[in-house]
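Take a look at the structures below.
Here come two complexes built around chain A, the first alongside chain B, the second alongside chain C.
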Partner chain A sequence: MPKTPTLQCDGLFKQFGDVRALADVSVRLSRPGIVAIIGPNGAGKTTLLNAFSGFVQADRGVCRLEGLELSGHSVAEVARLGIARTFQEVRVIDRLSAIENVMLARPGQRGESLLLALASLGWRTEERVNHAVAERALESVGLGQESNRLALELSYGQRKLLSLAVVQATEARVLLLDEPIAGIHPERRVSILNLLRRLRDDGKLLVLVEHDMPAVREVADTVILMDEGRVVAEGEPSDILQRRELVEAYLD
Partner chain B sequence: MDYLLHVLVLFFLYAILTTSLDLLVGHSGLLSIAHAGLYGIGAYAAAIVSTHFDISFLGSVAIAMLAGVLVSFCISLPSRGLKGDYFAVLTFALQMVLFHLLNGWDRLTGGPLGISGIPAPAVFGAELDTLAETTLLFASCAGVVFALSRNVATSPFGRVLHALREDEGLTQSLGKHTYRVTIQVCAMSGAFAALAGALYSHYITYVDPTGFTVVESILILAMVILGGPGTILGPIIGAISLVSLAEALRFIGIPASEAASLRQIVYGLALIAIVFLRPRGLARA
Partner chain C sequence: MMQVIANGIVAGAGYALFALGFGLVHSTGRFFHMAHGGSYVVGAYLTYVLVSKVGLSSLVGGCGGVLGGAVLGAMMEIAVFRPLRRRNASREGMFLAALGLMVCIQNGVSLVFGDQPVVLRTASVEPGMLFLGARITNVQVCIVATCIAAAASAWIGLQKTNLGMRIRAVASSHELATVYGLRPEAILLLVMVCASALGSLAGILSGFDTDLTPSMGFYAQLMGVAASIVGGIGSVRGSLLGGFMVGLVQHLGVWKLPTQWQEAIVFALVAVCLCIRARGFLRTNWGTKD
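And then the complex of A and B:
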């Protein structure tokens, strides 16, 4: 029997008014791996991430995580099943510090129970562990010095890095990253690409939507090219990005 | 001396009300205008059970808090997807409903005449017969409410609330139980508001609906905004400031008929000044 893919969708359709965002999309992705979804604006890349993370309910078709059907699950339920995501417009909690943003993301916190919070009991040790984990996650994206600054005081690039530290801290097996590289300072780029590789080597499935083709070429194991809501081509980056007819038609 | 103690009692009473309202307004970003209604539910629940059923002070306070939990639980149920202005409108409507219930359900609440003959507070059979003892009771209750609210605000539970007030979608995408947390914080806030009501009933030994109108809701809200929503001490500073202001206005010799209106005007001016001078409240730089 073939191995169950980590993340898959079959025959996904989604219509927004007159716009067909997804038109019969089927993909099968397995971990560990880094998959880059590329294609022109409006190709349906972000809608696909939204469908996987529960932000969009498809009109037709199903998404599955390790064989489990995801439709009908709320965003929070999907997250608890093991899918974390970042957003293209970079969302963090402005009025929490960088480290609080990361600590918020830790799963299964006892201190999130009202009774234990009221009694101020039974969560301090866990909180110290989460603090240490969060510090390491911030260091991994080069924000070790900024941990006590409010997120709203960080630059755009730093906020993007913070959101990467946040998804790491969720311990999700699947990370959906919407443009993690674009807009990152060139000096940080190499270390972020290394971080993505390290996460893959830890056994995770990373799905990136990315416009930065050199980065895709460097880091992705698989490339999925989308246009007008359909998957146009799928394969290794060296293959897809060499094919002139594809590059000229969709990526220039 | 008695007068000063009475003012102290008012400080503690309003400190409970503002601290509990701030759990919603400041920490959770839920603008509630139903707080006086919940305060009234507590006051009337205590008044009814202690005059009709001869229940002890502690029992009546416990029942009042339970009533507060139940009513705010119902208020919080539609909070899913009802953010910002819509939550404010919903609670405004509920405030109206609650007031008219207190004012109109004559057989249970005595209607506009209210309920009198509520026994004074008594702890384990010993009646608190001096004002100093009563003040101590109010101070202890305010202390407990303050400590519990601070525990919650500084816990991981509070961190989820703080995330929720800014970005519900992001908080959900981190797997947080946003709906459950909202319902729980509403219930907690309602319990404390009702506690204030029960204490008030037993202290004054008489309740009527005029103390629980939308104007009272807005006064409590004004105290929170004045002091600084979402800060630990701000709501208490706000309560002390506006209670002091109200008492100060008594001494400048204005006829009672005009004092009430003047008080509203001064509150309004104070709020406008704060919005311009310290837009995030007195407690915040």
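And then the complex of A and C:
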């Protein structure tokens, strides 16, 4: 019997006005792995991430996380179930420091339940552990020096790195990353690609929407090519990105 | 002169306490909480009932009043503000709803207790102790001390605790806080309860200092909002600064001018301050951007 895919969707439809963003999309993704969703602008890549993370409720079709139906769950519930995501237009909490952003994302802290937070004693030890983990996450993206700066004081690239540190800290099993490489300083690129690989090796499923084809070629295990809301091709990057007819039709 | 300054500081501490709660709600809930004065007046009158009618001690009665104010805050949040927020009500809508609540609360208090001032003070008025040439009563010392203690706890709570971090996250963006797996509604309820407790504490302390009238909440609202704007809405230190500025200007003003000018002076201060620093003297570094 085949094992349940980590993340799957079946017959996903989503229409925005006249635009069909998703037209019968079905995918099955298993962890560990790095899956890159590629395709021209408006292909429905981000909408697919939105459907998985609860930001968009599909008109038809279902998304499942390890067999559990996600439709009808709120963004916060999906996050708690173990799907973390980053955004194309980086979104981190501006008025918290970098390290607080990461600490906030750590799962299972006291303070999750308000009563516990009010009644808790000895939370300082726990906070120290959290702090240490958060510091490591910041260092892994090269932001160790910036941990006490407010997120709004960081540059665009730094904020993007911060959002990677944040999803890393959630300990989610599935990370949905919208253009994690674009806009990152070339010097940091290699270490980010290594970070993505390390997260995969920790057993996570990473789903990237990415326009940087060299990066996709380097890091992805699977490529899904989308256009006009449909999956056009799916396979290994060496296979898909070699096929001239696909590259010329969709990626140039 | 020293007496005038002392009076200004005492009044200012009350306004600061009020502005602290008002600013907390404004930063996290993003609306002008015009019913904050409701907790102020209800807390004070509840304490009056508990102390003068039931016969509890001032301390126990005061705690009861704070509890009552907090419960009122929770009720307002659950019954009015939360449903409005779920329907994406505009800030103006929330403002009007809060204003309406305030009017209802004030009228309710006036229906039950009448418009005549009632007296909460249990002991006869003592002359107070002499301090740097000014007479200050124990209650007044208590007001200033409470204000400073409350501001210090609020600051530490917001900046140094895990829960405070969550409150600042919600203040920064409700939507993003949700992405981080937080429940903004729960945080907003908690903030409302704490803020209302602070508001009723201000009302109760002022009730022990002067008399109670149904309109005391509205007056405190006016002055507290002024203090909040002058100091910088949502900033803990700003609330303190704004409160003391408003209190001092008000009392120094009427030292030389007729009392009818008391409110006018305060709003002249607001106008001047807004011209100098449009966002208050101490802007919050954790509140909303817009």
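In this section, the second predicted complex is superposed on the first by the 243 of 252 C-alpha atoms of A that agree within 3 Å, B and C clash if a C-alpha of one lies under 4 Å from a C-alpha of the other, contacts with A are read in each partner's own complex, and residues count from 1 in each chain.
Throughout what follows, a residue touches a chain if its C-beta (ideal position, glycine included) is under 8 Å from a C-beta of that chain, and two chains touch if they have at least 3 such contacts.
The model shown is predicted, which means the values in this text are computed figures rather than measured ones.
**Student:** Have a look at chain B and chain C on chain A after the superposition and call it: clash or fit.
**Tutor:** On the shared chain A, the partners clash.
**Student:** Who does A:236 touch here: chain B (first), chain C (second), both, or neither?
**Tutor:** Neither: A:236 stays clear of chain B and chain C.
**Student:** Is A:202 touching the first partner chain B, the second partner chain C, both, or neither of them?
**Tutor:** neither
**Student:** Of chain B and chain C, which one touches more of chain A's residues?
**Tutor:** Answer, by number of touched residues of chain A: B.
**Student:** Return first, second, both or neither, reflecting whether A:59 touches chain B, chain C, both chains, or no partner chain.
**Tutor:** A:59: touches no partner chain.
**Student:** Just checking: does A:150 make contact with chain B only, chain C only, both, or neither of them? Give me first, second, both or neither.
**Tutor:** second
**Student:** Look at A:103 in the shared chain and tell me whether it touches chain B only, chain C only, both, or neither; answer first, second, both or neither.
**Tutor:** both
**Student:** Return first, second, both or neither, reflecting whether A:69 touches chain B, chain C, both chains, or no partner chain.
**Tutor:** So A:69 meets neither chain B nor chain C here.
**Student:** Which positions of chain A sit in both the chain B and the chain C interface?
**Tutor:** Touching chain B in the first complex and chain C in the second, residues 74-76, 79-80, 85, 91-96, 100, 103-105, 107, 109-111, 114, 117-118, 123, 127, 166, 170 of chain A appear in both lists.
**Student:** Taking the touch rule as given, give the residues of chain C at its contact with chain A in the complex, in rising order.
**Tutor:** Answer in residue numbers: 161-163, 165-166, 168-169, 171-173, 176-183, 186-187, 190, 285-287, 289.
**Student:** Write out the stretch or stretches of chain B touching chain A in their complex.
**Tutor:** 148, 151-152, 155-160, 162-163, 166-167, 169-178, 181, 184-185, 188
**Student:** Mind pulling up the chain A residues that touch chain B in the complex?
**Tutor:** Going through chain A, the ones touching chain B are 53, 55, 74-77, 79-80, 84-85, 87, 91-96, 100, 103-105, 107, 109-114, 116-120, 123, 127, 166, 170.
**Student:** So in the complex, which bits of chain A are touching chain C?
**Tutor:** 74-76, 79-80, 85, 91-96, 100, 103-105, 107, 109-111, 114, 117-118, 123, 127, 150, 166, 170
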